[in-house]
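Chain IDs A, B, C and D follow the sequence of writing; residue 1 opens each chain.
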Amino acid sequence: MSGNTISVLFKVTTWGESHGPATGAIIDGCPPGIDLSEAEIQAELDRRRPGTLPSASTRREMDRVEILSGVFEGKTLGTPISLMIRNRDVKSDAYDDLRDLFRPGHGDITYQAKYGIRDHRGGGRASGRETVGRVAAGAIARKVIAQAGMIVTAWTRELGGIAAHPLSLAAAEASPLRCPDPEAEKRMAARLEEARASGDTLGGIVEIVVRGCPPGLGDPVFGKIDADFASALMGIGTVKGVEIGAGFEAARMTGAACNDPIGPEGFRTNHAGGILAGITSGAEIVIRVACKPIPSIACPQDTIDVKGRPAVVTVSGRHDVSVIPRIVPVCEAMVSIVLADHLLRQKAITP
Amino acid sequence: MSGNTISVLFKVTTWGESHGPATGAIIDGCPPGIDLSEAEIQAELDRRRPGTLPSASTRREMDRVEILSGVFEGKTLGTPISLMIRNRDVKSDAYDDLRDLFRPGHGDITYQAKYGIRDHRGGGRASGRETVGRVAAGAIARKVIAQAGMIVTAWTRELGGIAAHPLSLAAAEASPLRCPDPEAEKRMAARLEEARASGDTLGGIVEIVVRGCPPGLGDPVFGKIDADFASALMGIGTVKGVEIGAGFEAARMTGAACNDPIGPEGFRTNHAGGILAGITSGAEIVIRVACKPIPSIACPQDTIDVKGRPAVVTVSGRHDVSVIPRIVPVCEAMVSIVLADHLLRQKAITP
Amino acid sequence: MSGNTISVLFKVTTWGESHGPATGAIIDGCPPGIDLSEAEIQAELDRRRPGTLPSASTRREMDRVEILSGVFEGKTLGTPISLMIRNRDVKSDAYDDLRDLFRPGHGDITYQAKYGIRDHRGGGRASGRETVGRVAAGAIARKVIAQAGMIVTAWTRELGGIAAHPLSLAAAEASPLRCPDPEAEKRMAARLEEARASGDTLGGIVEIVVRGCPPGLGDPVFGKIDADFASALMGIGTVKGVEIGAGFEAARMTGAACNDPIGPEGFRTNHAGGILAGITSGAEIVIRVACKPIPSIACPQDTIDVKGRPAVVTVSGRHDVSVIPRIVPVCEAMVSIVLADHLLRQKAITP
Amino acid sequence: MSGNTISVLFKVTTWGESHGPATGAIIDGCPPGIDLSEAEIQAELDRRRPGTLPSASTRREMDRVEILSGVFEGKTLGTPISLMIRNRDVKSDAYDDLRDLFRPGHGDITYQAKYGIRDHRGGGRASGRETVGRVAAGAIARKVIAQAGMIVTAWTRELGGIAAHPLSLAAAEASPLRCPDPEAEKRMAARLEEARASGDTLGGIVEIVVRGCPPGLGDPVFGKIDADFASALMGIGTVKGVEIGAGFEAARMTGAACNDPIGPEGFRTNHAGGILAGITSGAEIVIRVACKPIPSIACPQDTIDVKGRPAVVTVSGRHDVSVIPRIVPVCEAMVSIVLADHLLRQKAITP
């Protein structure tokens, strides 16, 4: 979990700057003999592409994934799977004005502080584009965990302060905003249009649900699966909060109300969100993440330049109004990667 | 971050079951030449001891730390520091009734599912007692980061639904509930007494603040310092949510409101909580964690036994009413360990 | 494999200075449900104790291992197993003269260069005593791999230039010098006595043989099992060379002579030493390590002090004449640990 | 050091099958601000290309490296550096006969045992071609350690049983066989021609020398730098033995002869090979590796097929007669990577 690699056995490393030649991922530790095609990975990448909704940028990304290694005659070899997606449609000149300016809310100023150098074009490594590699890797993780019966689904629970209720998780996939509540979705779309008109952006809350997870996944203490979920999700650029099961609401409950009674048929409630003492219980896993509004806004903002002098920056270019819904498959990917890793770890110690 | 070890360079491994012979920690990667005595570590352990407040159990823990290696003539050697605390005052018989029963809200059922065996006495490895090792290791981390000017302070922001406002962080240390708001503290104490009387327990929210953190700590993508904070804190048994800066509130803000404007004097607001793109900005780091109520309640609860048969369990024994305030130094310890690790990682790449 | 921890899943961390309060090991990742007693570990420690042969020091070590965690009612829990051995019979004053002197052939000068501080008493962390923790951990690894039918045996192939031929591996255990060739053993003993009389020391070669290893253990490229054996064995203080199968002799063979022909009954020769492309083949694993003579000799040697001034040092105290035979169980332990780790790693990816 | 990744801070992951679309490496942890161009990496790749000597295959590899990330305007960014080399000139049909046969001395049989599937074309991941990624990564490691004054040079010490003596290390680079002893080189060339004529292959010994290494690199116990060298070099497919300093010869020396006396001017001999207790001493580092003969020989060999039935295999195609001299830059690359990693690790703990 250091640098640019996550996991112990199902290891994923992503690489690539937003406006560099390409972006990609290595998956090291995928079990052998799994059917895998570029088309399957491409399908997941297409789910994260900008659509035609008010939330989307007008930028057209044509992300074509190429499998460079680790797959032979349509099956995984057990060796590292190298995935590459060329960066296209790159208008780097639009970023010339930002070479010496730090955009508020962005990593410009911290990358400069850390490295003394940065690729200022489109956020470089801190760009949302980095998540392309995650989604590609997540597509493979999904296949690994599907073999054990696990299905990961995320949906838009809140956008711009408008809350939704899931009528059915299946409906989320059909919705352009990944929101299974049609009435809320309509209001969200209007709210997005409103924000776009004023050059502003919106945040939201995504909920991730895992069905079919077997009990016993997760290590004690520093390899707890909830700790790994938290790390994997908080490591998405936009995320400022992670909660599991009752989450922050649990802080206001009493023990008698919060404990989930157990019957022969299973847990009668699910305030634990499917995890007890860092190990899955077999109940549905429920996680929520808070996404901040995209920091690239079309209004002038106070900032400083690399020499510390006051300046005003206005971020132009094509930008999304909200990371939702594009962040939804990214959340699914991260949760799938963590599950795949713990599934393999558990296999290692099971007699 | 797997199994029972955390961090890359300042590595901490904890070990020990609640009712086994001892509990402890290894710190591997502590820089050499740092003054270190058992008394300093002991002082931190004493901060996490049960006190005389309504929240505290009547159990008397006499945790005496012993430094077994890595320190010579009062200075760290650079080699592993082994710390051991003998378990005393252990009344294991009280747990005999729990040998075959799963307490709701506890890890009993998931440890059994994972390992097919467990130490049922006092929660075994999943006990809050495991945090003794963390606090001991954190005492050393504190010294490492103090050399770079960092101070970590946590305080009770909410308990049993009662919110506090920090008048001064210094006041937290003086308060038995680690709550710097005397009026709120009084109401919290009453709420604790009330819960104890009814055999119930309470949750709460702890806020951790880091002052003096230099900019530039944190790796891109999967070694983001906020991801590491989230992992370190979510890995505390009681924690169900972690948020940074504006946290979940950021999901309801617009970009114009959420972005922190930058001036020559620094950031003008701190919705980012001191972290941008996973790297510290030099602003104060602000993290909040949601603690669930302690699951050991004195009321009968529905459950099952190891054979899946329905049963009723009543947890007797001496238990705290809330993890607050004892969890406060644990949160400080975990944040200190993450900071120490990233401080060393940053030194490695700085010219 | 950094700092003081080895392996990915069956992780072993050792700690302890030679003349500090204690020495020990943590085993994190041992599968649950394995029978384990202190007596079993003690038996391995006793195998590494100084004996009554000419090679042995007159120092009497009474190493008593204590299991502090991870075992419950005689079975492993799956949680970290903490082992501690108190250091006794410690005459630290004998080392006072060495506080400011660097003994040739020892780590005194490099520890000082690295850390700017060192525990000069008995070599501190660089002492052969550190291997106590390895042997204790190896005792547990042995049990894990025995479940898969693996047996690890090491024997003294050469001592002070006297070569032995194995009549039977079983005979090695009965021999005080772990040498299954009685005639050679007699000459080795005489050679040891001769060296002791002159205050000098001897080196030798140990061969480690693994029988019953299943095919398929080892990862490609940087997790090759031969690379892990090499690392684990070269990391023993005394070892200056490691070779597998035909080893250095392979450099002088032609391909036609070196390739092991394969028949339906298996490999017809074993120049590969049981490993092809870093993965076990099912044939017997054969590894040899070169041990340098113990650097603590009773003759005056030119050196410098911590200030770089010329000096003469004569190492007094009780010292072995050779690391053989005490290093033999250490080699077995390291090989067992590597095998246990790869056994678990292979289980993780096997359908 | 697991799977396909090596090192703690200067992490290198290689990927790619011999006859897949491409091969490459990720370097994660390279410090920022280092000048780096494709031409510099290309120069190292060209050093490992088949030449015109008798030892070389007639295969023409046109390895063109492409930097896909981590470098901006000619300087490293501190983010992952992704390197890709397309595989060209691939005649996969030549391997059709090997689909179901195991070549003696190759990893065919062990990959099949491990994964149940393999890319039979040209050895797949176990091919010598995998070292392209290592050499590319090593080119960057070289630049990192050059900043600290370190120079790594390897040379052909022995080939086909013919030993050389280094007249000057500089001469090695000029020699097509990387042998600085012109007389020995002539005999080696004749020996290679002889082996080629008979369809056989040869092994040899490479010595690696590091000049300018500062004292203090290496961790105690399981992160010893000699252990890391051993792992990095034994992990090269062809290597069956590694020794440091006096190596196996040390096993036959006495302590009085083997210890290197220390004077104010430094070590007076170098039997330790520049490493004491796993930490560099400042003396020249000297390592030797034994390379087995290439297993692809043009003579019929007994083997079995995937169903265990007896068969005879004759390996056709274009193959080198010896891994020497092409392995020489690979050894340099691996040693450079280990040094870069430990250089960064040491910086992390130095005040």
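Couple of notes before you dig in:
Keep in mind that, in the parts below, contacts are C-beta pairs under 8 Å (C-beta built on N, C-alpha and C of every residue); 3 or more make two chains touch, one makes a residue touch a chain.
These numbers come from a predicted model, not from an experiment.
Leaving out subunit B, the touch network of the other chains stays one piece.
Interface comparison, A-C versus C-D: the higher number of contacting C-beta pairs is recorded for C-D. Our note on geometry: subunit C versus subunit D, Cα centroid distance of 26 Å, whole angstroms. Averaging C-alpha coordinates per chain places the centre of subunit A 46 Å away from that of subunit C.
Residue positions of subunit D touching 2 or more other chains, listed in rising order: 3-5, 8, 13-14, 29, 32-33, 78-79, 114-116, 125, 220, 345, 349, 351. Interface of subunit A with subunit B (complex): residues 1-6, 8, 12, 14, 102, 104-107, 109-111, 113-116, 125-126, 130, 158, 160-161, 195, 200-205, 215-224, 226-235, 237, 240-264, 268, 271-273, 275-282, 290-297, 299, 301-304, 308-310, 345-346, 349, 351.
Across the complex, subunit D meets subunit B through its residues 8-9, 29, 31-33, 78-79, 220, 344-345, 347-351. Taken in their complex, subunit A has these residues touching subunit D: 3-5, 11, 13-17, 20-24, 26, 28-29, 32-33, 66-70, 72, 75, 77-82, 84, 114-119, 124-125.
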